[in-house]
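Before I ask anything, let me first share the structure, which is written out below as structure tokens.
Letters A, B and C name the chains as they come in the text, with residue numbers starting at 1 for each one.
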Amino acid sequence: MAEGQARSGIDRWEFYGGEAADGLTEYWYPVMPSRALKRNKPVRRKLLGRNLVLVRDQGRAYALDDRCPHREVPLSMGSCEFAGHITCVYHGWTFDLASGVLKAALTDGPNSPIAGKAKVRTYPVEERAGMVFAWMGEAKPAPIEDELPEELLRPDARAYWLMRESKGNWRYASENGFDEAHNKMLHRSSPWVLFRRIPAWNETEIIKTEDRKWIARRQREMHMSDQYPGLGRWPRFNFWQRRSRTVLASNAHTVSMRLPCLLRVIQPGRGTWTHFNWYMPVQRDTYRDVVAQVRWVNGWWRRLAWWLRHKTYIWVFHRHHFLTQDMAAIAAMPDTHPERFFRPDISIAAWRRLVEDEARRPPPRTAPSVAAE
Amino acid sequence: MAEGQARSGIDRWEFYGGEAADGLTEYWYPVMPSRALKRNKPVRRKLLGRNLVLVRDQGRAYALDDRCPHREVPLSMGSCEFAGHITCVYHGWTFDLASGVLKAALTDGPNSPIAGKAKVRTYPVEERAGMVFAWMGEAKPAPIEDELPEELLRPDARAYWLMRESKGNWRYASENGFDEAHNKMLHRSSPWVLFRRIPAWNETEIIKTEDRKWIARRQREMHMSDQYPGLGRWPRFNFWQRRSRTVLASNAHTVSMRLPCLLRVIQPGRGTWTHFNWYMPVQRDTYRDVVAQVRWVNGWWRRLAWWLRHKTYIWVFHRHHFLTQDMAAIAAMPDTHPERFFRPDISIAAWRRLVEDEARRPPPRTAPSVAAE
Amino acid sequence: MAEGQARSGIDRWEFYGGEAADGLTEYWYPVMPSRALKRNKPVRRKLLGRNLVLVRDQGRAYALDDRCPHREVPLSMGSCEFAGHITCVYHGWTFDLASGVLKAALTDGPNSPIAGKAKVRTYPVEERAGMVFAWMGEAKPAPIEDELPEELLRPDARAYWLMRESKGNWRYASENGFDEAHNKMLHRSSPWVLFRRIPAWNETEIIKTEDRKWIARRQREMHMSDQYPGLGRWPRFNFWQRRSRTVLASNAHTVSMRLPCLLRVIQPGRGTWTHFNWYMPVQRDTYRDVVAQVRWVNGWWRRLAWWLRHKTYIWVFHRHHFLTQDMAAIAAMPDTHPERFFRPDISIAAWRRLVEDEARRPPPRTAPSVAAE
């Protein structure tokens, strides 16, 4: 309809521009808050193009492919008739939650020949910091402790989780998260920064953190306001705006990113807290924004203070305005997503390089994953 | 997105898995209740992928393809300007209801050269038991009395008709209707069976009825409750549940199915009535659930009692819960509908065999059906 | 699904049936009312398959492709940070409204190497008669005065503009506009003609107007009512219906059509006014009905009278019933739009011939339209 569109720079990356579009499989992903998974109430969640059914049985969480091999009706419509099992609503096929093996087809009697001869895929599940994580890979799961930020696992971590689904591919959402320059324009109108001075532009470099797990931005030079030829001075601050504490803390690695799709932003200053953000692949054109906002506090009084601060100020201004600005920009990008890079996009390029070079890939296929025993 | 999906067993059937997907053409189908087709008010209905316009003129019902050959505007937007004819709203092309021949193009004057040179396809129509039936076939229509259950045509039959459209292919809806095992699981939670004991499983065979028109299920053995190894006893009944009268009547052919897509369930016991259910093809991914619930009664008092019973108990519990469970299961099946059969699916296999072996097929094509005279 | 469908007659025209489907590019088109384009408030509008951003800056209107070349986020989400420029909301890329050249990438500082090296396409814009017009062509724009009806440009013209989007290709909407016969059937039920006698059929010829810009219908013979063999007399008038003044004026060219998609209907009699109607291509399956209803009046009293008449009688009966009948017919045509012509369709054939023979075509491609300077 329009003239020949520029191809996206993404296409130049073999893995990142190709297979990675549907998500990196060999990782742990946050699926749903632990408290929302109630005993014996199957729940359906989609991630990486797959529908999972999650079940809590005797305290433990399980995840299986959400379809009965008989007629492909979702198991999440079913029920927990027997401890440790899920039963399909349609004909009573009953699967072992741990192994996925069909233990009985109730409506065919105890001697049904199909028992033991069908199976649904199961996914390893762990719960940490109030969240259910599932391993989506084909290979043996990595230890979850190696994959989650260690500060999130500390006993004094108080995490508030938020999940929202939005239009857009997970890679564009991840790029937006780690992208430096958009903060200086897109979020300038946010009430979140009403009292802060956001610099006009920075000179930035991307480094690896010492533990080699994160890439982080480091500001070499910061320009609060500048004179643009033919245009004038930009930006103009209001008297009530303070020089941002983000700026002061800029030599700390306040913004960093790691595989598979996790952003970490350390909020500077007294009362510091950390914003973790997974950009979860749901399906090719949809991602789930999974946010954990964490502070490390002991004592009921400090916990209450953090709870209050989060449910009021942070909830309203950070979540409901700041993060929504990001979602709107990502949703407005066309699917083909042509692009033309400028200097600050070194942060996006570094992220792409990280996925291309270091992301675990699925092992070569040997056998179909849904098979009779 | 996911791993290679199993192909549906349906694909193994040449006709049932292929051409039959859009519906069997050489049959009579229920289209709309007679009372809803008012004089000179054209009505649009879709079945077997075709849009029909239905018109009542001087008491008789007619059905034609719902498109004017001139610019393809639906004739159902038109009006009855002359007895026995329908006139297109757009340019006044006027078609004979009985033959479909273009009798005049009003806006081109009485001497319009196009008159008599265009035609729309007409469909034979009959009305029985308060329902308008249309013959969708290419061949000469079969006598409608041979195709409708004779008990539905009895003068003392009091039929209540219900029509609902839902997502899903008509074949999966038909299979669900005749399928034995799902009753024992899917409907167990329905208030309709609150006071009945549904058996755990049956040993069943499929027979032909004596008139050779229906296939029917016959229970050889019934197991009210059983012990499943490693799981326990299932189901557990409540003290208020009686052994179902369905069970008692099980050697009668209470559930039977015939071409093109008609299920019959004889409700057992005193006050017996019969549930007829057509699974009407609308288009590939949509079917219409056409239900006639019939009792044979004489005298105003008995009729009133049946009316009351239907509008209260049956309406609420059978239609609005029981039948909706079926619809939800059918709608939840993926379009590709892979499957893995178990023993009770002999009823589905018998139905597929019936269609494959006995369904009338359209005659070989000789001429286009819409042609100049 | 149904039998082999007739191919549309449109397919027989090489240009009209092909490339023209998305709209004729080398023309001026009405985009939005001038008063709706407020200072420094970017507005998004789609036409001919392209999204434009419109901006008013220091009184002048500008139009550009609505996407920033950086990450393809719409510029209409942006703001006017500097006079004569638009700034992308995402990273502050700032484009000159007149040339489309990237003047600065704010978040990369004044010395950003990308400045001057990217460009978005701009569209010539003119405002006339209270409407913003954009030139959508690749070639040098024609003088807008040559393309708009001169009577619309007269200083005493009082135009009321109305825009509505509807389903359908712009060519079918244009054909419907100029089509003669549908008036005699489709609009017969409109309250707009409650007091008029619409003829049954006319003998018509299509002529070119003296200025060679319009094709117009001329009635050679008019038949108010006629006797149709086998059907009877049609139409039957009511005693309160007068012989339409349209009829009396029939030798004037009351209905005419010109490129790219503009219909003109001169309303006859005392108090005459003119209905202009553009059938704007939005995208392949959507058009925008852009209506200007114009009367030429001086003096506040006559202007008030015209305003009152338009906002009451014309608004209700012409716009909200008469024009909606056209929209419903166009929306009801299937996308494939097979057709079978009859005599009155000479008006449609003449319109197709006009586009095929006289519509300006884009110049041969030489260079990509979005390029670095």
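We take it that a contact is a pair of C-beta atoms (placed from the backbone, for glycine too) under 8 Å apart; a residue touches a chain by one contact, two chains touch by 3 or more.
Remember, it's a predicted structure, so these values are computed and weren't measured experimentally.
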Rigid-body rotation angle, subunit C and subunit B, from Cα fit (steps of 5°): 120
Same or different residue numbers at the subunit A/subunit B copy interface, by half rule: different
Where subunit A and subunit B are represented by their mean Cα positions, the distance between them in whole Å: 47
In subunit C, residues with contacts to at least two other chains: none
Footprint of subunit C on subunit A - complex, ascending: 1-4, 6, 181-182, 184-186, 200-201, 223, 226-232, 234, 328-329, 332-334, 337-344
Residues of subunit B touching subunit C in the complex: 22, 49-50, 67, 69-74, 77, 81-82, 85, 87-94, 103-110, 112-114, 118, 283-284, 368-370
